[in-house]
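Each of the next two complexes has chain A plus one other chain: chain B in the first, chain C in the second.
== the complex of A and B ==
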């Protein structure tokens, strides 16, 4: 930690020495953020100092709950002989109050918005939680839209996020533990799980991984996700980001663990399976038939998004016999004037599409609408009329693009888009044989992949008992089991009704 | 080290690639192949190549080009003709979209034909569901004369024409695959019989025509009617359209469901009764193979809709006359079916009705069946045909009076 270079971490009994040390740590006075308020504790008749960092603490709270009582209370008889205990237990009216023995603890507290009280003659300090960071109000989810269901999203404040989760899941077994990561900038990570559901081994292993992260600063949750990841090179994500507290709570109830961090408007769900990536938040809010319909559509869209361009290339260059003759002649007719081979044509169009997509994210909102106009030109009739591409390609690229938009999870979305290009190349020089080969490899890889010890395709394969909430789902009254691949401590979600005779 | 390994593995993909890939526009899609007998032991192969730029897409249209190009080569077989064609045609010849093979009757009757046909299938590109059509005149002339009025693209014409058999039953369902399957000893195969040179028009009261005889007076000259009968892979004769229909009906699983035909009116010799016949389930064939002259009992379940009768007899209201009509139709059909069977036994000396499949079931092993010699026994068989006919109604609008009365009871 920062003070380790000084060698000394314990406080001295002299107030001025302690203050000097803290001033040195925070580069005072050039750093004006550190506020030191010297005062005399009226009732104890001794010097004291109140310290906090500007911008992290709530000034009103400090004034009213800490400084005011310290100065104004004049009663001199105390139950506690130790001045620090007297201040903590009998003078200050703040709702928290802890003792800190080292400068490390003090510095960390200051950085996190705590207020420190130092008293002359005591080699300990008091700290009070007076956090007052600026935060945004709870707003609607931006990525995970739903038609039905709650419209609240996590914000950048971990406290608000924790409160949102608790609002949905009012269970006394819901545990929120706090760990810290980062050597320079210390960040708190809240790990939440339901104590009597989540597998303790999974919880422990996640905690260990968090403790094992050694770096100067982990500012946000997506960064932490990458530090924790077992397979940093893999195309497949091993955890899931959700901005919906209802979804996070649903995962908690299945025995998953969620991580929350200050400054991250999302919860990180671990471990995950491929099914959690494919499902959308809304799947359980719709009635059985409707949600299964959506799921089938999305599954088809997934295949379309992964395979259409490569299948087109394979069919058009190797397996002409598969296209109906009319369509074949139509494609051949339009291709006659196109100067490029089919592969280059597809690559051009896919590249253009990815360009539009990336540009749409990066472009400032003010000039956003131009993207649509320009994009339509590249991807549409203009390109066909310029004889750069054949018209069927517009259909194929549009189909692929639209299909990839239906994949709810951004990480999976990227995985799909990259896989599409791999398949495209293989399909162009090995035909269907190559596509089949890559898909076989892909499936083999997915079966061996695991996220935090849970097999990625479970509970389908390897098979575990579950409510079969995978490709399709059952009506809610039949979803009795928690998925056993997560090894939950309580496997039954809904006890079977005793039949009346 | 890992990077080195990757660098070694990745080029392997390039080595493994099937570099036979070809862009669509670099290929010439042959949609019709015509086979004629050439001088010596050669065949004259005609390719009709579709021109994608006509009639397929608005964007790629090339003005002034014909919808297809026809080229003819003389060579030992189809595949060498394909190679030859590549020296003339600008694009790579591709058989993947070949729909139809037209064979001149003279070649079909030639003893070399089974070998020519068998050799063609060695090219994996050639689909086995290619339709086989036997033309009365030279295949080249057939292709040249065929100018469909409603279809610009030649493949579309054949694609649609091949579906006609299912509705009318005048022609058989004949694909190259079936031809090859039934090329075994003493097996019979029926192929579509067609001509583009109609000469001897005649009028038959029972639609009993062979290709070229249909009294058609305008439009495309091509007529597809009747069947070419093949035995052991060689053509030996023809069936007229009407005979073809009965042959289909006599098969256990006939592929046609219904057709319209006419019979003489029982009460008025000059008038005709037009009926639509439906197959009411599979034809039942009972065989007794124990005797030297096997017994074959065939039962054809049929439903009939009476569509018109020019005699204006009160069939719809008179129950007795209805019974008379029913019995008459039954006898007529039985007689016609029996005529076809006799024809197959005497003239073609083979079973056109796939009854061999039923006979085969009566033997424990394939060698036992082969030793029995179905074709030899079939020739001598004593065949009885029974028709289970029920007059269903008198068209959609009116049901027979008697049935209404029955319903009222």
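== the complex of A and C ==
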């Protein structure tokens, strides 16, 4: 920032010198964003200037609460002798008001939408919070939609996001601390946690990591997530993005920490376990049996999404005896016309499916539906009729694809898709032997992987006491324990009460 | 988060690692060899070996209990001095190394014979050990945690296998129940008690377990349940295949899985069982590689014994490739078991005596 160029940061008592310095910092007059309103404080009979950046501040508020009182108040007897205190405490009617002593503080304030008031003869400035960035209204979640439950999502404004979290979690121990990252463009990161639940060690370590980020600018939360990550090359994510304030609040209540940032319509939850990636927002809104049914389906889908193509290849190449004889003959009959080896067939089909998937995200929404039609027709029917692939493969790839859509978390979704290809190659090379070896290695990796110090598969292994909200869940009245793998300061959700009849 | 707790292994995880490390014997060449010498009473041998090994185990535990928190290497170095400690550690290491090499060769033989007849033996061997090395390199915690994740699936699979095969079982085939005679059975049981040598070797890992109580319960439960399981499964093999056919079947467990079918449609489910069995074998050998590196590292008093895992995995493959065929593997196995029985049986008493001597000397001063 500017101080690095000329070193001096203290204000002088001369108003014109201070103004010159700020003008230089913001490249005024070529930069028209800096607005300077010179005026005379009527009651003090001295010169002053009001400064703000266009586009960051709320102009109506500045006019009504700051400029109007400064010019119109003519009362001349003040309780405070210091003109700055007189302005702050007795003239201006704005709800905030702080003094700033350095140009650094002034510049940062201006960039974040604060209004600065400079007064002749004082080597300090006043700043008022008049933030007025353009934001979007609170809308429905796009990725994590549910049938039951609230339909509010985070927006790009950190203030609105904080208020959404507070709306769900009205706890006086809910702490919102602000840290800054970035050397050129300073962004604020809000770290929220429940003070008497979250493990102070985890909170401290996250704060330290945020302070340790050294870079020009971190514009959004997904970028920050990558800066904080311990395992940048790992397939497995170590934090979770949620766009739902209710879900973020539920995580806070378990002792997790969430991060919010300006311009990011999501909250970053840390630390996480594999279970938080597998669960959906809705799991706890449905009744016990329904949500467990969904969870079992999703778990099966996860296995199908990871394993099916590789198991098909392994069975077709090495273990044909596993397929029932009639089906084996049927498959052989259809495969007779296909000239390619099974692996190439699967790779072709999987590649085509990934193409459709990527195209569907990138394509403008207007022509979106055509992708589906072209994809289904070309990849399904035509490819089979042209003898490029066999019909059973269409079934397998389609099953795999649909299964991978049921995985609620996008990061996990990618991890699953990439793992599927690894298994596919190993399965075609070594059959079940290879698949078994890779699965053992995968398990070894997952069991020792940790997210911000919390083992990834805990509280299953290493075992901790918890409400067993892992693969299945218990009815809500039995979920009394917080998962102890997060080392919460208070392990019981609800003190022991008289047993219900 | 308490980081030291994360690396240590809890009671559940340790128990399941024991259930796997000891229980795996029901699926390898051990059972065939026991049937050869035990005939129709072969299924009793694990129980008798268990009884003999329990004596040694109790003696060793009495020393361990007095020095809670210390593992076998630390104790033998204290009571046996630098030379004696190093010698005992190296002896244990040598026994474990040869045993691992022979056993792993047996596993690769099974894979080669039962499923991958066309693949070269050394390639299968290298890949199995590479996977085991990777798992071991993730630490003891990884091995233990995977065991805990899988243990219920494993026991469930065994239960399923028995349930499927139940209609083929004829318990009358267990008769004549004494086989070659009571005395012969007891002698064979004693001579083969080294097949539970893990119980002595595992005491090296006491410092890796959260509490001594967890270690004691885990090892005892794992030990007893596994030997009961092996014994029961051997009885099942015998009553399905009958004697003397059983001694001509090289791999009864795999043969049993070959006979499984789910109804009339899925007539062959063995690849499923074999795949599952392979995952567990990787963990089994990972445990051994970890143990070998641990023992050797402590014998030489190295701090970074993890670096020894790769050489250990390589050494196991090299030694394992020496036997020419399965028959040789079996004869080496028999030989090794007899010698290690002496080692594992005598060692606890030697350590107890050394410890007694140490206490006497230190009581005076």
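Here, the second predicted complex is superposed on the first by the 496 of 501 C-alpha atoms of A that agree within 3 Å, B and C clash if a C-alpha of one lies under 4 Å from a C-alpha of the other, contacts with A are read in each partner's own complex, and residues count from 1 in each chain.
We take it that a contact is a pair of C-beta atoms (placed from the backbone, for glycine too) under 8 Å apart; a residue touches a chain by one contact, two chains touch by 3 or more.
In this text the structure is predicted, and so the values were computed from the model without any measurement.
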Taking the superposition as given, does A:318 touch the first partner, chain B, the second, chain C, both, or neither?
-> both
Looking at the overlay, does A:144 come into contact with chain B only (first), chain C only (second), both, or neither?
-> neither
Name the chain, either chain B or chain C, that contacts more residues of chain A.
-> C
Applying the touch criterion given at the start, work out whether A:455 contacts chain B, chain C, both or neither, answering first, second, both or neither.
-> second
Name the contact category of A:436: first (chain B only), second (chain C only), both, or neither.
-> second
Which partner does A:350 contact after superposing on A: first (chain B), second (chain C), both, neither?
-> neither
Is A:201 in contact with chain B, with chain C, with both, or with neither (first, second, both, neither)?
-> second
Using the touch definition from the top, say if A:447 reaches chain B (first), chain C (second), both or neither.
-> second
Between chain B (first) and chain C (second), which, if any, makes contact with A:246: first, second, both or neither?
-> neither
Contacts of chain A common to chain B and chain C in the A-superposed view 318, 321, 325, 430-431, 433-434
Chain A-touching residues of chain B, taken from the complex the two chains share = 13-14, 16-25, 27, 29, 31, 50, 52-53, 56-57, 59-62, 94, 96-97, 99, 125, 127, 153, 155-156, 159
In the complex of these two chains, what residues of chain A are touching chain B?
-> 316-318, 320-321, 325-326, 328-338, 341-342, 384, 391, 426, 428-431, 433-434
Which residues of chain C touch chain A in the complex?
-> 1-3, 5-6, 9-10, 12-13, 111, 115-116, 124, 127-128, 130-131, 134-135, 138-139, 141-143, 145-146, 148-150, 265-269, 271-272, 274-276, 278-279, 282-283, 286
In the complex, go through chain A and note every residue touching chain C.
-> 199, 201-202, 315, 318-319, 321-322, 324-325, 430-441, 443-445, 447-448, 450, 453-455, 457, 460-463, 487
